[in-house]
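Worksheet: the structure to be examined is printed underneath.
As written, the chains take the letters A, B, C, D, E and F, and residue 1 is the first residue of each chain.
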Amino acid sequence: MSQVPGMYGDIKLLAGTASPDLAQEISAYLTEATGAEIRPIDAVIRKFSNDNTYVRLDESVRGQDVYIIQTLSRPVNDHLMELMIALDAVRRDSAGRITAVIPYLAYARSDKKDVPRAPITARLVADMLEVAGADRYMTIDLHAGQIQGFFRIPGDVLTAFHILKKHVEETIPRDNLTVATADLGYAKGGRNWARYLDVPLAFIEKNRTEEGVSAKSIVGSVKGRDVLLVDDEVDSGGSLLEAVNLLERQGAREITIAFTHPVFSGPAIENMRKISERVREIIFTNTLPLKPEELLPAMTILPVGAFLGEVIRRAHQGLSVGEMFNE
Amino acid sequence: MSQVPGMYGDIKLLAGTASPDLAQEISAYLTEATGAEIRPIDAVIRKFSNDNTYVRLDESVRGQDVYIIQTLSRPVNDHLMELMIALDAVRRDSAGRITAVIPYLAYARSDKKDVPRAPITARLVADMLEVAGADRYMTIDLHAGQIQGFFRIPGDVLTAFHILKKHVEETIPRDNLTVATADLGYAKGGRNWARYLDVPLAFIEKNRTEEGVSAKSIVGSVKGRDVLLVDDEVDSGGSLLEAVNLLERQGAREITIAFTHPVFSGPAIENMRKISERVREIIFTNTLPLKPEELLPAMTILPVGAFLGEVIRRAHQGLSVGEMFNE
Amino acid sequence: MSQVPGMYGDIKLLAGTASPDLAQEISAYLTEATGAEIRPIDAVIRKFSNDNTYVRLDESVRGQDVYIIQTLSRPVNDHLMELMIALDAVRRDSAGRITAVIPYLAYARSDKKDVPRAPITARLVADMLEVAGADRYMTIDLHAGQIQGFFRIPGDVLTAFHILKKHVEETIPRDNLTVATADLGYAKGGRNWARYLDVPLAFIEKNRTEEGVSAKSIVGSVKGRDVLLVDDEVDSGGSLLEAVNLLERQGAREITIAFTHPVFSGPAIENMRKISERVREIIFTNTLPLKPEELLPAMTILPVGAFLGEVIRRAHQGLSVGEMFNE
Amino acid sequence: MSQVPGMYGDIKLLAGTASPDLAQEISAYLTEATGAEIRPIDAVIRKFSNDNTYVRLDESVRGQDVYIIQTLSRPVNDHLMELMIALDAVRRDSAGRITAVIPYLAYARSDKKDVPRAPITARLVADMLEVAGADRYMTIDLHAGQIQGFFRIPGDVLTAFHILKKHVEETIPRDNLTVATADLGYAKGGRNWARYLDVPLAFIEKNRTEEGVSAKSIVGSVKGRDVLLVDDEVDSGGSLLEAVNLLERQGAREITIAFTHPVFSGPAIENMRKISERVREIIFTNTLPLKPEELLPAMTILPVGAFLGEVIRRAHQGLSVGEMFNE
Amino acid sequence: MSQVPGMYGDIKLLAGTASPDLAQEISAYLTEATGAEIRPIDAVIRKFSNDNTYVRLDESVRGQDVYIIQTLSRPVNDHLMELMIALDAVRRDSAGRITAVIPYLAYARSDKKDVPRAPITARLVADMLEVAGADRYMTIDLHAGQIQGFFRIPGDVLTAFHILKKHVEETIPRDNLTVATADLGYAKGGRNWARYLDVPLAFIEKNRTEEGVSAKSIVGSVKGRDVLLVDDEVDSGGSLLEAVNLLERQGAREITIAFTHPVFSGPAIENMRKISERVREIIFTNTLPLKPEELLPAMTILPVGAFLGEVIRRAHQGLSVGEMFNE
Amino acid sequence: MSQVPGMYGDIKLLAGTASPDLAQEISAYLTEATGAEIRPIDAVIRKFSNDNTYVRLDESVRGQDVYIIQTLSRPVNDHLMELMIALDAVRRDSAGRITAVIPYLAYARSDKKDVPRAPITARLVADMLEVAGADRYMTIDLHAGQIQGFFRIPGDVLTAFHILKKHVEETIPRDNLTVATADLGYAKGGRNWARYLDVPLAFIEKNRTEEGVSAKSIVGSVKGRDVLLVDDEVDSGGSLLEAVNLLERQGAREITIAFTHPVFSGPAIENMRKISERVREIIFTNTLPLKPEELLPAMTILPVGAFLGEVIRRAHQGLSVGEMFNE
């Protein structure tokens, strides 16, 4: 009767409204991998006219191993509350175990009090998910690794690095390549890319030179080099555009951009259009959905659905996730 | 040094963005009543371009008695998350005591599983406020009294009944008056109005008559009577319009409408306009802000700010709130 | 080795002292339905001479799926503490999952602060059960649906409506039937009966007529009609007797009474005797045990044991309970 | 306005129904000691006809320092639930701090699993009091000191030893005195008495002698000695009577009995009557109330009200309690 | 695929650094008893140069039934923190269930406030283990049974009494035997030994005789008797040596010593050496590891590994542990 | 009677054994600043011979505002457990508010799972402090700002930057100065130094150059420049020595080193000695105590006691701490 031999009932997927395509990818992978049809369960998810979000399951998840797929794309608070309410509905239906699958975790930049009297919203969100009933969580490329510690519940904090680098390795020759980061916040991430590809590293950072001029400059050399510009997420795209400009002025050859989360807020469309005209390729994942008008020819969107699906399968069966990466 | 002799530091108001006017009313009352200037503290409350809500206090509330004023008007989830984040910021600034003042509590209708696999979002919201750091809460006319029991923290669950009935008593003669409710859900509320005013009561309810016809009908007589149609909130205004139509058809004379919360969602503007042309007066409070285009000549909006201000003053000084109503 | 293929070990019943007969019914049903002998486990439950309640299990429940059957009949506090102590004993014996099966939940009327400085005891009881170790709860016809929200743990809040209406449908012709409720508190319950049976509805309520007389009166017509008088529970029976008197005076024909919980406190025996002489039938369930002297010829007691047994079986096996009712 | 300069509002006493006389003693002491009238607040505490306990405060305790006086005498579960419900009512009225004053804590003997599958009810009771809202507790002579560790909240675990020994010192010459305990469970308590009074110690214990006879015997010598027989509580009085018999047979002279809690359950009245005829004096406190028929001429009941009152005064003012005893 | 048919995944042992030999014994037993190879999983447990303890699992325990074996030997705080950190690592790896196996629980003597302003560290340790993620615990011969009540999680509080008495019965004739305890704190433990063996009992206690001399003396007779001196643990060995001296002076014949936990702190080696020269045998268990220089010819160390292994097997399979002892 | 007008009783300092000198500094500051004698309270803090840590207060802290001063220097686990036990003792003595003052928070580097199956010990420590009873915490220069989010309780996370930079500004001319960091982990910290001083910035990082050599190199130029080498803590001093070597080889002129926490573990003494011979000055604070043999002529130790004292004063009086820094 059980589709997958597992310890927590059957796998049940509940697809939030934030990224239905990704939920379909996960569903397709699991159906393929397990031989059982694992499609998102029927549910009503909508807003009443009074703007209150409502979730109702049309299939029982009693005693089952439930995965709620909800990325925190815009509108962020609506998607977060929808996830919260879905957790409540699933918990009150006596699910066996509940995992919140949140490919992109919003509020991750509000992770410390960098000025007095500020909130630490990322911790608040972690507490909210726990109080709503999440037993576990799953997410990709947290803005800061420490956010794992905001959760008391166990989680699978994954990285799309393996997916991005596979594509990079297959398409970019490494012999003339230099990795660059657009700001210091991703310095360690850049170093990991450079070490893995075994190529030099350069930073872009606003700095005061000995001559007293303070401007963005490149620490390290890119002249005549192909450059792989890396980051965890792209928000407005402003500093990315600035970085591309600077790299060009400093004599970089072909520029490729790689990052995980296409947040693309504010003037991002315009910025990305300008960038796309000057770079070889813009590589990122579908942890956040894109609107058709945001798609550009230079973009390569790598799907994470099968990856999440495999992690769900392993979590369900009590198998190591780390060994997917020989860890 | 303390503006008001109290047990929990000084009163500090933090005004959320949902109802700045109401916060000003409360501030004005408290300044008048205590002789100290009690204005909302300076704070930055906004959304980043990535749609993440942000709150930062520009004045310290360390060791103080903080009241965060935030009604849950539309957009509901944004206002709720803003309140949550404000609670986090205030708590992490080591406030002495924190009260969430929520004149209208959204999600109150999601208060039980009336179908299987539904959430109880009102309980979830109560848990969220507690996990964010609220020590107490204050609200007006909950949709169901039992929602008090969703909170573990103490609260002041107030009623605008005293404010509404004072206006009704001063403006409507009782000798030809009948109280009516637009549906069974407010049957007990209607009875309380009728008992207090010492006038007859009628219900409007969809019913099957002995003849087998099933339609909305009036249980009780309104022919030739002035009618006070009462409710706790008006949402789309649809059933209210239906009730006014029915009352007119049944020969009611002058109709007055009284309720606490002007939720006014969906087609409410249109419905309220039609209603306003046929009734003597539409009386409600400012627990939710109205847009200019929603204002109509027949409307009388009774302010609750001074009332909330007085409850805050008493809560701050450890004085009975019940004795405001001889309870 | 496992009697029932389930996810939480074997079903283990622990029968409290409040309703041993009901526990036997459940046991008989489960034994029949599963083919395994599922009898209440051996346990010592008693009071020491110093009035301290004591529970000791004589069989291990380690890793098993335990259901503690304890209705909250009189003496209420003794039965509640017995349940609490049983939960502690079962939890400390490392049970796999613990469900408190409480056919009648006492204290359900203390569900809001209707006057200042009152407790919300129903929420307190919910918190107590959670702190004692209940993972889930099961109950029938809560006095207010919102009490579900007092529990953070999931629960099966069932209704005996299906059992009562089956009997009503089989024994009472609907063509001359009107449903009536004895007070406004059950107005919505009465409407549900009327809608389901597709018959008219009447309320009994103390009201002030236009002529200024304030007395119990019937809102709606019962003259010449058979009446089904419905409620969730009967306590002292006083207002029920009053309702029967009024119905008779208003020309009702044959009266039948249906409710779930026979609380029968104070002068209930006397009142029920008077009522039984004037009505066709008094229908209720055995969620609370009756003493022999409380039994009357007009009474029909419908057993809920098989129903609870089936819900337990489904909860144990991770099957939908809602689908028992096509929900 | 504040009766007593304190940090937690004013002292407010709430008297449960278990020991009204003791509450009056405490009230009288506090009124005398502080110069302010500190009487138990007005409250309704009763049972409804459906056996549900109800508590309603008729005075506000908002922001005050509340002490609920409730010993856990018989009926134990009723008195415990009354205390729980009172805690809920006081908490929901926004008290500043709540202390449960429980002179005799029932269920203290259920403090470990001495057989498999038993509960640890004393820990359960501690958890219950915390979940109901107690911030602190106060009690006298716990059956085992470790029960303090069952509470996470701070408490004043007092001893009546100082009160009992003062009386003993004033009335019994020590030169011919031996302290004895009726069973091994109070061996250390007996040793403390003996050390304090600087007199010899004897135990009574069922033992197997070298000759193979197994019976209660006295370990240590009492021949010709005056004996002070000590314990923490007397329950049925059976083993106390046995001890008196044995002491007499072994040639003890004058026997005096001292203990803290007169539990007096089961056949206690009869046993105490027999004992009283053979001993000089039976000394105990009023932590539990006695019925008139339980009073005997040999009994000396030492009041603990003033002692509790002084501890409340110190707790209220943030003064050391330990220094009352030079600790 | 599962080594043992169980409800919580497979058994996984994690051996802390406090008693690797004991972990090997448990591993060997389980491998033998289940036919599957159950060895401690690979893990890195060490201190960084900055003295921070570190634990990393080299095998996944996702969804498995994990037993962390860590006795609280010296250095106590290091071993405790290592256990805490291991619990965190195991929990964050999504273990199915986690049991802390702590053969000797340190801090058990800090179990009550015997003077004012002292901590109750044993309760603190219980809370720490729960917050770190233990679902259950397992320990042997707690210093006071009440410490079970410091834990909210269920536990198996075992006794080595069965192991010790088996050895005693096989090696010591009972006809001339008397059981003695070295101090009053183990009086009840001594009585249990005496009752089980059906031999007389004597206590050693500092007492004031009628003649006014205050010194350690034997209560009961040991002259010409073989003596079994029992205790739960031996710390410095000081009072044990004193007891042996006293027994010899009072004419005891052959002395045997039996206890569970060889704490052996401070001058214990020296004291044990002196004792070993005058007694027949010193019997204890390996709940704490001994250093080679602490081993003496008179010592018999009874292993508890197989016993713990069997309890683990039963806990894993949901079988009664009590029935191992016909309880 | 109160030494300082405050909201939480009087300030009470409890000095742990980890840094008595720092506690004295704080005491001296507070005595000076408030005019009342605020010395650490008398307490017994020691280890029993069985290696169990013990804390007993010899003065009451009932209702007072307690600050426990305990840095987490080596032996780390002993100092942490001592702090935990002190928290328990202070809580159980009914303190009004408890703040754990931890100048250096150990385990801060274990702040994320950088490999699978690792713990997040810093979060565990935060949870431990909360469960032991801390209401607030205070610390200096956390290794990662996100660790603030590991705490749910509010805290004052301070920085010694203001103290260090004041000394740097007074002693080092800025016109030829470049700030350098010894590794990428402190890249942002270095940038803050460079921005504040308005001087250039350089990083030292292991990198692969275009020529394929992978070694530590300086990103940015230091030739002929005075260099301020900054970090948050110095552990073994190994990479610091390497950095000094590299700076010298690259032609740096005068090198000054500044950091907050002198962890100085492993071979630190030897490394620091070598460093001290080649640099102008080594500046750090006394958040961790140094042994006499660790002191070197080049070292300047800046005291943080007065700073902590002022923060305590403000926290006690409900004054802003941020405004000490114009924030």
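By our rule, a contact is a pair of C-beta atoms (placed from the backbone, for glycine too) under 8 Å apart; a residue touches a chain by one contact, two chains touch by 3 or more.
These numbers come from a predicted model, not from an experiment.
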- Stepping chain to touching chain, what's the minimum from chain B to chain F? 1
- Which chains does chain B share as contact partners with chain E? A, C, D, F
- Message: Which chain has its C-alpha centroid farthest away from the centroid of chain D?
- Response: A
- Query: Based on CA centres, what chain would you say lies at the far end from chain F?
  - Reply: C
- Query: Quick one: chain E and chain F, Cα centre-to-centre, how many Å?
  - Reply: 40
- Where the centres are mean C-alpha positions, what is the separation of chain C from chain F, in Å? 62
- Item | Residues of chain D touching at least two other chains | 59-60, 92-93, 113, 115-117, 120, 123, 127, 320-322
- Go ahead and list every pair of chains that touch. A-B, A-C, A-E, A-F, B-C, B-D, B-F, C-D, C-E, D-E, D-F, E-F
- For the chain C and chain B complex, residues of the former touching the latter: 111-117, 120, 122-123, 127, 144-150, 152, 157, 178, 184-185, 187-188, 191, 194-195, 198-201, 203, 205, 207-210, 219-221, 225, 320-322, 327
- For chain F, which residues are in contact with chain D within the complex? 9, 59-60, 62-64, 91-94, 96
- chain F contacts chain E in the complex at 48-61, 74-78, 80-81, 84-86, 88-89, 92-93, 106-107, 109-110, 113, 115-121, 123-124, 127-128, 131-132, 235-236, 263, 265-266
- Query: Hey, which residues of chain F end up touching chain B in the complex?
  - Reply: 7-8, 136, 154-156, 314-315, 317-323
